[in-house]
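Each of the next two complexes has subunit A plus one more chain, namely subunit B in the first and subunit C in the second.
After this line comes the complex of A and B, so read on.
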């Protein structure tokens, strides 16, 4: 099957003609945009073009559940609710989908037909596919993902894990996955987007999430990128928050040692658009870079409406030859008076071969605002290290303890208790601290 | 609020006080830019062959370059073929005293409010007054000569100090560094040259007043300052320009070099014509300024007060190559009406134990856009490098914008970089406090803004500080409430 035939086949599967039109225009946009080079300002420090395989395949990869995958899933801690995707394809037999009144969860592929009105209203409306290369690619070629709709006043108490496993059945595969989350007025839900590479071979994927937070609604998202050795992953999260709505997103990346030939790369684009008064966004991130990992976080908080608040806290620990990139933007549009926006970015360099490129950015068009950002790069406090060592703690342990304290601040911002606990344990494992 | 509106209206209505044209006969190069223009300028200046070759190399590089588009300022495309690249005063007489200076020029001084006589006596400043690309007079040259200091126009330096010029010109800003630097290298008409020999502390502030005079004459100044081992110099650059409708391009290049234990302090007060209240006219100020701390323990300090120009686009930078060297950047940028500014600095840490400090204060009013763009690089070799940056923006009115684009690139684990930025308006509580104590809104605001900029102003030499405060109040007078 040729490339275009493949596209046509994919489009034909979607009965909604408006969605097909949108995907077609996204495809045209991508043809114009192509894969960005490091000459592009947003990709200045992440040369994605040289990292991706030259001939990428966009055809849905093989998603057979074999024994290895089954074992892998069995070894994971049990989650109350989980929605499992293998190489971007939904597997209902492995998932535990909650049965709650007013909560709809299904695969995006099904939602194209079964919830066509909602999809038509919300799909592709937040991503700017005319400018964002990978959002355009994803919009055109997305095959599957999670569709979550929380109706008015419905409060879901247990967190829901959306888990994407990759097995690299085809080395050229560039899997396109997508979540569409709609939280209606005064509803509330907690989600975890969990990405794992279940194989030892390099995988490539491009994930997009669109999240709508209605009036007085609440959405907590934790992006877990903990078991992603040998992966090139591009994540885009676009959210829109209405009046009195609250959105919080935490991105936790532990880039694991790489055993393959390629260089692991994780890119996160997180955008929160505050369009109603008194909306709030909380964007946090923690990244650990090891060996030759490359972790890139691009954050944008767009204050469109007045009286909104936002908070960003990003912390990174870089070891080995890892490279960290941080780009945090705060836009305040001219109507957004009385905005209060804060951003803090801190990085610890623990090896002389590691490097960090940080670009905090403010663009303010309203005068009655309070906006600030702080960025620091440095090492652990000499005095704190000395204090611990004077009390008989080895240098190695002292470094681990202080790093734990440094990183823990971000985990404190995760609202969901079970996820917070899970991350705490994970962090202790990672740093080999015991207390 | 009605009061504020009235005040804003008043400021907006304020005409540029330094707008006037001096009628002096001019000699022009043919309009437009070609290899012939470059040859014409070089011939006019009686330059040696190697200099012409140097210029032509820059011109050929420029032909292959494209205009940069990444900046956060917007302007109609410049037609480089409709600019006069050379305008010199026709009659050049040998001048021994100020009395011999053209009365028109003397009148210009008076309008600027800085009588040269008085300044000479008061401050002991040697003024190399550049009127449209040509040095008119150099005072104090004799007394500087005694100490071995060379302070002259760059054209004279090319003829008289070819070895120094050959060694250092273009060593910090190469001909093909960027589009406007290449253009400058090809057609620069004049500028200043300063050489401070080993161990000499320059006894006075060196100062050059630039003035763009002829209509349609892009001004391409070239400044080169060399501080040898253990020397010190403080250099002042101040500008005002006459009112004019057509946009004028100013693409200067400034290069500073400090050897071991030397220090250069470079201060700028810039108040070129910013355009009228509709944003018509005004100067385009596209300048490449860069200094290199070549030797150990050397120091370069940039201080700038930018109140004029329709567009200000410059990044005075420091390359900290010598171990223990220090770079500093202090800036106040004020934009009003339709002015645009994209300014900041680069601190490139290469040597060990290098330190840098950035303090940037932006004030935007009216419909202006003010950006800070700064880069801090800590190279792998720069052990224990330290940078501190602070950039604050103040917004006055709801139609202006303030932007911050810091780039921090750290490749050494012992490097320590701290950056902080804030954007806000003048606090109601501060104003209230002042009002309560009997100050009017306007007095209060001017006091608060002066306090806000004080950290930068105090870096300026005394005479400049007075002028800077004056310029600030002219630029913003009453625009706030």
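After this line comes the complex of A and C, so read on.
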């Protein structure tokens, strides 16, 4: 069976489930787009087509909790709110859903019927499935994910973890997951989107999040991609920020493959559209690549309205033969006067075989704006290394300490204190720094 | 404690130290003076183990061990301390964490357990007082945004924390106003002991009013050309280096 026949057959099975019209349009778009090759400008340095299995299976492959998942859940603080999915299927018995007035959290599958008005208004509206291959595929085949709706003026203080575990053994599975987050006027919430590979195979998944930040609302998202081991993961985050709204997204990727089992590949597309005056977006990222890992971050800040501000800070640490890709776009539309946009991309290459492709892209159509960008690629500062060693610290430890210092700046920008602390500990653990 | 014999050192194909000789005994304070570009800082960097400097020949014995065979960090753990002329700013690492790593690296080297947190804080408090620094300094990133004086005080603080047996002070007085100079010198003087030796590199006699040397050496053209007591420093302050250059010239002829 050809790739197309396989996909069409599978689509026939989901096409009448829910959001029928949207699925059909998205599927038609995907049939035209297909899986991108490296000839496509946005996929030039990330050859996804050769990495994905030919015989992909898009239906969720649910399975039971395994020891790795149990251990992880047991290690979470007991009070943490968590929404847990196994292979893309919601598991309410593992989840702790907060019971807060004005906050709705349920599975997207349930929301298609229980919150159909909100779904019709918001679902599929931010993603551009006519151009984005994987957003189209996801929209056509979406099975489940998290639905979060924060009503006007509701401030949620504890962070909520949305966790996707992979435990299945089907190497062809290409799991399609989806989050829809609506934060209404003057409401506020902190989320973590956490992806973990708890299987011993190379997992494949395609995740899409749509996030709406209303007037004067606040949304902090941390994307945790720390325990993926071997994965082909594609993430798309589309956000829209209204007047006086604040959005921050930090994407933290530690790609360290289990030796000899293929090349892991993580692609993150993160977009913030600032559509109301005085809106603000912080898009930050930290990525660690080891061995033959491939990590690609594509960021877009679209300044549509005037007087908005945005910051992008991306830092990468690349070891082994790992490859990093950074593409940071800033669009300033003609109405977006008094825009203040800043971008910085820094990569540390710790081995001779590691590499980074870094491309800033600024398209400015307004005349009264402040935009700046900077990209650096380099090694650790020799003078700093010598300074540490001159105090008795071994070369190995000095490298770890300076790498920690380099990376820590991104974690410092994470607003949620418990998540920041968790990341700080994780970073120390990763770098074996014990202070 | 330190014996340097016929040391020849170059950097980037240029020879800087030429048959350099120096003996320092336990508890002595030696000062090295000399005009710019005569190799004073090269000497300090070479002893501390900076890899840019290439040792062409000669030997350096420190407490009975071959210093030149040790890496920079090993030298530090063995008791060599270099107070930098230009201390490095390291954003993202607090002085506390830096010192914790350094103190414990040294303890591990000598077969000791890491210091417990309470004892470490006590030690820091005690050593901070030596250089009149307050606790906030140590929670800031290493030297980041520090004034020249603060940086040099931080060097002496680190020296106090690590309790070296050989202290190399590379132009510690440069860029200091008179108050900072007094604080830094006071810190050094309190660290003087029978077991600890100092090599003070300076352009100016001023520092030697505070840190009184047992011996003063004048470096010129990559070697020591004159040695004497503290009065030699005063003569240099009054008369400059020209008479030294003349003497050396006569010797050469």
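Here is the rule we use: the second predicted complex is superposed on the first by the 401 of 435 C-alpha atoms of A that agree within 3 Å, B and C clash if a C-alpha of one lies under 4 Å from a C-alpha of the other, contacts with A are read in each partner's own complex, and residues count from 1 in each chain.
Heads up, the rule we're going with is that contacts are C-beta pairs under 8 Å (C-beta built on N, C-alpha and C of every residue); 3 or more make two chains touch, one makes a residue touch a chain.
Note that this is a predicted model, so its numbers are computed, not measured.
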Touching partner for A:424 - first (subunit B), second (subunit C), both, neither: neither
Touched partner set for A:384, first subunit B, second subunit C, both or neither: second
Which superposed partner A:405 touches (first subunit B, second subunit C, both, neither): second
First (subunit B), second (subunit C), both or neither touched by A:394: second
Subunit B versus subunit C, judged by how many residues of subunit A each one touches: B
Touched partner set for A:358, first subunit B, second subunit C, both or neither: first
Subunit B residues within the subunit A interface of the complex: 70, 380, 393, 395-425
Partner subunit A, residues of subunit C touching it in the complex: 48-51, 71-73, 76-77, 81-82, 84, 87-88, 90-93, 96-102, 105-106, 109, 141-142, 158, 162
Residue ranges of subunit A touching subunit B (in the complex, touch as defined): 41, 45, 334, 337, 347, 349-352, 354-379
Contact footprint of subunit C on subunit A as seen in their complex: 381, 383-384, 386-395, 397-398, 401-402, 404-406, 408-409, 435
